[in-house]
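First, the structure itself, so that you have it in front of you.
The chains carry the letters A, B, C, D and E, assigned in the order they are written, with residues numbered from 1 in each.
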Amino acid sequence: MTNSMNNTIERLKSIIRNLKVEEIDEREVKIEIKPEMVLNALSLLKGSGYSHLSIITAVDWIEENKFELVYILFSWNDGGKFIVSTKIDRKKAKFVTVKHLWPIARYYERELHEFFGISFEGNDDMRPLFLENWDDLPPLRKDFDPMEYSKKKFPDREYHKDVIHEAKVIRGDLNG
Amino acid sequence: MTVLRVIAVLLTGFFVGLTLEGIARKIMARVQRRYGPPWYQNFIDVFKALSKRGISHGWIFDFGILMALGGVIATLAFVPLGDLVAFPGLDNIFIIVYLFAVGALGMAMGMVGSGNPNASIGVARALTQMLGYEVPYLVAIAGVLYYYKTSSVSGLMMAQQDTWTLFKMPIGGIVAFISLLGMLGKKPFDTPIAPAEIASGPMVELSAKYMGLLMLMHTFSIFVEISLFVDIFLGISNYLTFLLKFTVVWIIATLISAVLPRFRIEQVVKFYWKVPLSLAFVQVLFVLLGWVF
Amino acid sequence: MKNKTMPDKDFFSPIKAWKFLFKKPVTIKVPYVKREAAERYRGFHINDWNECIGCGTCAKICPTDAIKMVEVDDLPQEYGQKPQRPVIDYGRCSFCAMCVDICTTGSLKMTREYVHISPEPEDFIFAPTEKGIHGIEEVPVGWVRDEASELLELERVEMEMLDGEERVQSFIEYVKGYSKEQAIHEAARCVECALCTDRCPQHMQIPEYIKAIWKDDLNDALKWLLKGDETNNMLGANPFSAVCGRVCTHKCEEACSIGNRGEAIAIRWLKRYIVDNVSDYKKIIEIKPAKKDKKIAIIGSGPAGLSAAYFLSTMGYDVEVFESLSKPGGVMRYGIPSYRLPDEALDKDIAFIQALGVKIHVGISVGKDISLESLKEKYDAVFISTGFSLGRSTKVPGTDHEDVLQALPLLREIRDYLRGEGPKPKIPKSLVVIGGGNVAMDVARSIARLQKVEYGQVDVKVTSLERTFDEMPADMEEIEEGSEEGIEFYPGWGPVRIIIDEEKIKGVELKKCVEVFDENGRFNPKFDEIQKLYLDADMVVEAIGQAPDYSYLPEDLKEQLEFVRGRLVTNEYRQTNIEWLFAGGDIVNGPDIIHGVADGYWAARGIDEYLSKGVK
Amino acid sequence: MGEVKLFFGPNHPGMHGNFSVHMYVEGDTVERARPLPGFLHRGFEKLMERRLWYQNLALIPRICVPEPDINEVCYAMAIEKIAKIDVPERAQWIRMIILELARIASHMMSFPGIGGPLGLYTSSFWGVADRDRILDIFESLTGARIYHMFIVPGGVRKDLTPKIQDLIVKTLDYIEGRLPDYEDLIFKNRIVHTRLKGIALLDRETALELGVTGVGLRATGVPYDIRKVDPYLFYDKVDFEIPTATDGDAYSRVYLKYLEIYQSIKIIRQCLEKMPEGKVNVPLSEGSALRYKVPKGQAYVHIESTRGEYGYFMVSDGGEKPYRVAVRGASYPQTFIGVEKYLPGTRIEDVPIWLSTMDVCAPEVDR
Amino acid sequence: MSTNERSIWEKIADQLRSKSLWMLHYCTGCGAIELPPSMTSRFDMERFGMGPMATPRQADILFITGYLSAKTLRRVIYTYEQMPEPKYVIGFGSCTLNGGIYYDSYATINRLDYYIPVDLYIAGCMPRPEALLEAFNELMRMIRKGEANGWKRYKENYEWYKQNQLRSLGEVFIHDEFHE
């Protein structure tokens, strides 16, 4: 870990108890925190130079019945990456927006709403972004089966040709 | 006899116009390091377009296109092609410019009739651009008219016995050529039809037949514009030398267009009113002062 | 490196582009000019049908589900092959060449052909052949697999064994068995082609239990071993998994598709890994069949007999097994030396069979203590699996000497001795074993161990008619391991006589064998009488084959039964001409344990069918 | 004329890829604009969860069409990070060569990218034709022109033979020889100057606030390049510069790309020189490709694509398929907030230039 | 199905049409990346009189360059119906045939000819420019022979196509959700 990352973690620890820190490699650290502390942590990180928001995404831990929200922050100064993760309830998938910290978060959150069904307090623009006339579970949830949906909606082609016969003709085993 | 001459003029306009457009595509292609389509490609394109079923957008649309084509064809009939003059004595430049406006007006009417916003923007641009190039062009021409004291195009041509007007009044010639580029819609002045911005602008709603008619109209108007330039600035010519000069002007315009991007519309107007217009006035001033080579 | 400031405006610089007016264009005039694709190009496929084995690995790796295996009816039906060939849907294919990289035989390749156009969607599905999809005689080959792009792991996880010097000192099992990591690694090599299942006489569900190992779910793996395909009459179950996991002839590994280019998956060792690493079958496997009120007698407690007992009892029958020797297991108990198959493994299997309620009567010899007829009276059906218990002799002069021994009795004696139940057999200082089969190897290696313990050195020679190790019926690994243990091999010699001097064996005289089988493939050895070889020995063991003993069959039954070369003829359900009499094991099929298990399985199904018919 | 509603795309010649911007135009100026993505949405992140680790290789390059290799590298590096695989050195060098070739190819596409909107079709025709030479290299190196499917977790699929090396050297010489022609045609062109200078402005604060990366950020004067800031592969072992500009306009962005082509050529030459002999890959895990497993873990890997920070966030649950992969499309900020907030005020003539130089790339946004 | 009988005028027109195919410049999928090379100097499809057109009104061919998401399919149907007859459709690559690599995707269609008629398919993922040019030549041949009748099929089986479109899309109508 770089010095600045160490210092930042120290500062984080001072405001957040029970901080779970996992070092993925020398410039990448994952911290797991409770949902209510996320905003504090994010603004602290933003203030400490980790101001570039790479992505906001989510992971569906269906067996734990949780969504893991992941914020990845990056610093242009030392190349350090913080993966800030928090777990929220899957049934009542709700969280607070960070669009005041990063304007682009508005669209990441909108995307998460579309693909996971997570809504964000303070971000009212939750219209569908990528899909049109969607009529099933949010597609990136683990209990959604795309194959089934595809079968239902978009029929496959059925071939009726006797391929083996044709192959034999090509091989010269059979004539015409 | 007049009828025959009119037919000859129109056929020349048709065949030479389309052939040269094909050749322009080939030249473009060469600059772009490729072979390009065959020279007769534009004939095929026009006839193909005419063979397809088009979609009309109401009678204003239909009428506008017919008016555009008719206007341009009518204009062409009055333009002298070297020594081939369909209506001797009637080839007054003001008649030609006036008739030419009918075509442009028809086109504007038809396109706006299609109701597509891109087309409206395109027409607005075309009209703005017209404003841009017409002023310096007419000022430059006015200098020529004043100098030769005639408004007959044949008269202007015949008056260049000793030297071409281009050499007599080089500044005016350059101004007229730059304006010509604008008229032809060649880059950097093809703003009205910019495909990447407004999806071919005026032509956006033109399908099949209408497109074919428009292509014809385009060919004829190119022919009119360049013919005027050749007649007024490039000396006396018979039919053949006229075609030769025509080709040279056309190729130079094509080559310039091959290496330049297009202006923004307000840049077009700004440009025309800044450089060519002031040059044109300078030229007029020279003419008035008698400083002519 | 270049000027970093932005260039200034230049009125004339764009005009430089006009230079290309007079230069040759860069255009490639397709379609008048055909451009060959690059050497590695991933175009359409070719598939060498003669090389392809229809394993279907390509279909499994395909990320787009583009490959389907389609039956081809007139392909040769051979083990290690499936009569199917890949059919590729170019409405799916993404041209990633994973199928090429993983192809187990290397028959599938990609060509440099890239143009295929048609208005008809049906034209986009093909079974690629040697001539590609367009029937071109010489298709330019594009992407082929090489060492770097290999997607299979060709080398087997090495099994740890005691080395020759060490293992020859005792009868301790020298194959250590896989650890968990090793087993999972080995299992990960499998591509689930199931060629092994086809090859296995019992059709064990090998890919399934290997997959279960890979997923580290041993209970599931054990279920596949002991219950087979539960939806299909337990096809593929094997009650002797612990035994087969050690000493099976593993025909499956010969069929293994990975073996085409690399080393076959160690299917046998993986099986052994499963049974070695589960504590007690009973706790894992639940078999609670509905009881049927029928009784079945089984004669002989070898692999076939006990398997039949196992399968019958899973069907709910009452089964009783009669064994003439003092312990059940037959050849597994008395034939195979304990360094290959320790008793504990066998006991584990037999204990599970007994736990199902099978009664095993030991020490009862049918024909002597109890007659077959009386069994017929008491039981609804009888299954005989008495095996090959008699030895064969070369009958060369001197074989009637007391120190010329038969292999099977000797092996039995050794095992009884090791178990502490019998006297110490005579241990020769030097031994000649006549025969090139696995039994000969067992004898040689057992005696070698005894010699090592007794005298501290090994002096065992093995002679066989077959002139090369490949021809010898013994497994190659047996021969290799025997050599490591100090056994000398003399292949290609036939015995002439046993040299006996003063009532004691001095050695064996041998002549060169030039041909073992005649043109028709029949056993008909030819010898070169001039070339001779003398081998010293004070004991000779003949291990050239065994024969059945049908003395327990009453004459009238024997007459009804049909024999071919000493073997009983049965239908596919192992039913003999006498409808209540079923048979299996060596006396029907042979030659190994897994065939015996298969016999037991089919006989059990046959008996079940026969008896349920009787009810009707 | 009042407000006119214009549909810019998806079917529009000025639009790169299948993307749409709806705007209200007042006169010639854009009043309001809304991005409308999703025409290329294929559900990659879901499809990846359904495929084996190795099978995904065929899927991922398709996320970004003009520069597919960045996906392969990100995917491979993420797996290698989670599984702690040591990739053979030669493979890393070959990856760098591929990445830089792809960067050149993609930057070459920026000539048509501005040639189209400007009407300077000669630059489009030249640019694409010269880019095709790079595709020829890819074809002989990887076996395919567009979707290479060549960089695998653990290395690359095949070795770089001397023959291909010669081809690369020759092609680089050719491209380097061609670049001055572009400078003459485009960057010195008076009209290009008038059209591009001061257009589509983005200042440093805005760029940083939005999260704009890549050339868009560097054109505002900061040398922020992930290759330097957070080096991956062997970018810390080669010598190259990060060209920057201070204007933050369309012209400087295109010109930076042009300069980066020189840097990429320089990097590739160094790679060819420094590349050791040896193996080109190690298996991702034990066994056959059907049974590759990646241990439990999470990782975020990002690299510098032509459009900026391109990243993969990957979660493995220890199984034979990825548990979750999230892709950060490099042009996400520009495409959404950029179009919505900073496109208004632009004249419609400049909208395609704005979209093209801001690197709005639909496939990676839609995924 | 559609008859192959053409009047003499149609035959002449077909000759001309085959020599002057204008394509619609609509990049529906990843195959569009191979279109620029075929359009530009390296392969130069203008040699055959082909060129990009900015609007569907002027186009003769519609390229479906690879996969189509349901959202795009709506626009494609709109576009196709806007094109003047005769019009032709070429399906690029695997995806248009049977879904390609996105066969299991929830957002993309699997077979194009279920929704609009397709005159010619090109195999590959993606098809190389050479394959595209070969295909264009093949299409020209088909037009000359009067075999490219997709547009007639669409008219004849309009009901069937509409029904399929509705089945997969729910509704073909495009909501203008981004404008209040």
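To be clear about the criterion, contacts are C-beta pairs under 8 Å (C-beta built on N, C-alpha and C of every residue); 3 or more make two chains touch, one makes a residue touch a chain.
Keep in mind it's a predicted model, so treat the numbers as computed, not measured.
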Contacting subunit C as well as subunit D are chains A, B, E
To reach subunit E from subunit B by way of touching chains, what is the minimum number of steps?
1
Any idea which chain sits dead centre by C-alpha averages?
D
In terms of CA centroid distance, which chain is the most far removed from subunit C?
B
Which of the two pairs, B-C or B-D, is linked by more C-beta contacts?
B-D
Can you check how far apart subunit A and subunit C are, centre to centre, with Cα atoms defining each centre and the answer in Å?
49
Nearest whole angstrom, what separates the Cα centre of subunit A from the Cα centre of subunit B?
58
Taking each chain's mean CA coordinate, subunit A and subunit E are separated, in whole Å, by 36
Cα-centroid distance, subunit D relative to subunit E, in whole angstrom:
28
Which positions in subunit E touch two or more other chains at once?
40-42, 44, 47, 54, 71, 97-99, 101, 103-108, 111, 125, 128
Residues of subunit A whose C-beta touches two or more other chains:
130-132, 139, 144, 146-147, 157
At least two other chains touched by the same residue of subunit D: list those residues.
5, 12-13, 38, 41, 43, 46-47, 50, 58-59, 122, 125-126, 129, 147, 185, 189, 366
What's the complete list of touching chain pairs for this entry?
A-C, A-D, A-E, B-C, B-D, B-E, C-D, C-E, D-E
Which stretch or stretches of subunit D touch subunit B in the complex?
1, 4-6, 12-14, 25, 28, 115-122, 125-126, 129, 185, 189, 191-192, 194-195, 347-352
Using the touch rule from the top, collect the residues of subunit D that touch subunit E in their complex.
5, 10-13, 16-18, 22, 34, 36, 38-43, 46-47, 50, 58-59, 62, 65-66, 109, 112, 124-129, 131-132, 135, 145-147, 363, 366
Touching residues of subunit E toward subunit B in the complex: what are they?
13, 16-17, 19-20, 40-41, 44, 46-49, 53-55, 57-58, 60, 82, 84-86
Under the stated contact criterion, what part of subunit C meets subunit E in this complex?
25-31, 35, 37, 44, 63-66, 89-95, 114-119, 121, 123-124
Subunit D partner, complex, touching residues on subunit A are 24-25, 27-28, 30, 51-55, 57, 59-60, 70, 72, 74, 76-81, 83, 102-104, 106-108, 115, 129-132, 139-140, 142, 144, 146-147
